[in-house]
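Scrolling down, you'll hit the structures one after another.
Shared between the two complexes below is subunit A, which pairs with subunit B and subunit C, respectively.
Up next is the complex of A and B:
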């Protein structure tokens, strides 16, 4: 069996597919401007009539507002976002969910649908049965219902398309790469379903049948997934990671183009950096020509 | 930290007898032509290498090399408190400093010993003023620094590395923190001492009346943009005047460091955006 090993110095340094030089880079403590006429945005602070940057990033100016866009931020939730998260804790009448934000989000017992879709008041028996429904380590898809003043998100799964996720793969990317769209649930024509969580967690699974999935994710689906489906999921995962590596925006069209470009190579070959670079450059060309 | 109950160790100050013998030999500070043992002048700092984003699992990470001193830092956070004892409007910072067991001339313990605990406290004390704690209430940021090879100025390397990792993690800070060590011995002041220069030296060629009145090691953390000193550690005996003089010398150093740090970080941003 052939094994491909790279010497470290031969590994390609990040290729400049997009060669646009950012205008102004700052580090924490740098003085952005001494003009006091500007409004302070995120990533800045005022000291001695001078505006300093508080994060390392790019200075953005919109009319009178100056802010610094940092490289990496935690996900800042907004009402209506679709998120994919992992249960970290089962507490009193609530679950704590890790959604790549500063603090764990809360999923209240009153915000979930009971098995079978019943709607009734939750009793003490339901509290004791919480762990049977969702326990630590489970993945869920949910929607942000509210944002508390300290930044904690309150989630809900009050629709049958949200719920526990099974039989699929999770890919984690930066939350800034997910484009805000009307819908985040996509059934790609290649035979896989994708949930693009706004928090940067992406769930890939085999195609979801609309009619069958009206149980709200309660039925434990332990059927083995076929090899063809697994290949599609693996290919999609590598494509998404390649796109994320080049900091390209992720949405259904870009993922689909990347998938089509990757069909020329086997799934294993896609893991090589130069093959991935080729696929990503092809995708970016297609996206630009489509505009 | 749990105490190691499986090994039977003597008190912390005990050393292997062979090592005692090696340490007893006098070490010269300067060569014949006035340069230090590694060819530097008294005011020169060692060449440095820095890199961000070396630990993929952490939110921010940095690696620093000051000639042979190597340190790596990982920053996790902001994330939930481990134990929710009290509600606070400010975030929390925890620092852990550790020498790798193979990093120093004498093998280190697996658990943190008193010196490492002290350095952890200094790290915490020096990095806290730089971080905007009020921006992440109820959350905590964990900083883990490990020194992979200690050839002198390990604490300064750790401080600089820690602040670089915090910037890499995107945590809001008032300013970057740079740190520098200075060794004062008799009348000479050495910037960025290596391990052999840091250790207690036997006086070379001194007569019995004249004893080396002032020897000491000063490590200073500095925030250049705000011109503030968040942390300072001094060991040895130095008069106030000497301390002031030594302090002013390190200011020059720190500015140089700051430029290096900034250039490195900017390069990293440019590549990843």
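Up next is the complex of A and C:
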């Protein structure tokens, strides 16, 4: 039975995490350059022969392309990204999925695998059975297939590793904190599986057994998760939220370092802000030294 | 409260976790989330407090006014609760959507404070029986809704009442029938309220076969029935209210009420200790530049 109340003087006044200073931080309207030889990318606009930033963020330059990566934004999809989304609507031959973007994404009936892995054209019976497969509230992992002209994403789950997600917990962070890597499905050595969706939705569950569980979410496993696994999941959840709170990039290495640093404390203690701050600063030091 | 969507598997995960006494974020079933408390944030009110519990943010202001005592209680002052669920807190509070929740919270608090336990404090608010008494207008503003509004609001109300400074009033010579009231000239000449006997609300939710204190938004979406109880510092219950559509077995009700009493006593003990600590700290910092962190 723990009741923890903090008053102002108990709160740490300033974060002690060392962040590398970004080279160019701009705000909307700032002039990036007056040189006209550059191509303008996302987050910029041209006015009076000068290149201005339209969002608040960090300037990135790749050869002749200048773009501004915003610090806080809704998820803008790219083709090939792995996302974790929640079904909000079941429509005619499509599901509407909430992926933390400006518009709900669309998951077409033709882009999902049928139970048993059959490859055939979907009929009207399949249309009527849509709700039995995915209904409102279900979580799925999917890949972005295409981006429509208005920004809506079209998703697909045409691989056995994608599909409905089973028992676990969802953590929401800003999409700019997820580092783009080769794979977003990780089976961490501590005993949990993590899906780092590019849209900022992170799914933590117990270890996914590669051969058995890649069934695309057709087999519902509602057996209770063991206590040890549960503790790992709770610990990971708190670590990820702590890292996100300090705006540190999230990828498998940083999450693992944070997990290892958190093993010194009990799961309950991790919820205290000063303990979490200690874990995050230790993680950032380890990441700096690893570079 | 906002209805968030959860999949069946997520709900199963939460329910099994409650049975194993290890919730999704690692807390046990009787643990509260981390509270952040600050008093004296609104300078124009007689007393104020701001409480942050997880994602829930509540601001309370107390203003005192002199009025005629009610017929039924001529020797007691009054308490009036006003709750405002601002549209910032949750999308469904937009327009008049928050009125139902606001009415529920204010009526529960009014009932909790109307018990015999709080009469001592109310009697101290009386100036002249049947003629003048203090009435405290307690305004509760819900800034952000992250689950468990009742508990956060009641802790904030208790903290604000602890912080309330009521001006000292003397009755001068009677001019005809009505005695005239005179406020003291010194703006710092005030008296404080005795808040030891006022209750705190503990909300307990039944999830699966177990029950949890301080449910988060996801846990609230899985719970069948909730008991909202008002507990005093010595473990007495002043109000009990059941909400949500599920049914409760009498034995479960008994267990849940016992848990509420124990948790409530702990909340009171920790809260009073922290309020005293904060007051000492504020008094020590009175000379130096005291920067309040509640609002800019």
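Convention: the second predicted complex is superposed on the first by the 230 of 291 C-alpha atoms of A that agree within 3 Å, B and C clash if a C-alpha of one lies under 4 Å from a C-alpha of the other, contacts with A are read in each partner's own complex, and residues count from 1 in each chain.
The rule we apply is simple: a contact is a pair of C-beta atoms (placed from the backbone, for glycine too) under 8 Å apart; a residue touches a chain by one contact, two chains touch by 3 or more.
Given the structure is predicted, the values throughout are model-derived calculations rather than measurements.
Once the two complexes are overlaid on the shared chain, A:191 sits clear of subunit B and of subunit C alike.
The partner of subunit A that touches more of its residues, comparing subunit B with subunit C, is C. In the superposed pair of complexes, A:72 makes contact with subunit B only, with no contact to subunit C.
For subunit A in complex with subunit B, the residues that touch the partner chain are 14, 21-22, 25, 27-31, 43, 45, 47, 52, 54-58, 70-74, 96, 102-104, 150-151, 247. Residues 59-60, 78-80, 130, 132, 136-139, 167-176, 223-226, 261-262, 265-266, 269-273 of subunit B are the ones that touch subunit A when the two sit in their complex. Only residues 1-9, 11, 86, 88, 136-139, 164-170, 220, 222, 224-225, 227, 230-231, 233-235, 237-238, 267-268, 270-273 of subunit A touch subunit C when the two sit together in their complex. Residues of subunit C touching subunit A in their complex: 5-10, 12-13, 16-17, 19-20, 22-28, 30-38, 155, 262-263, 266-267, 270-271, 274, 277-278, 281, 292-294.
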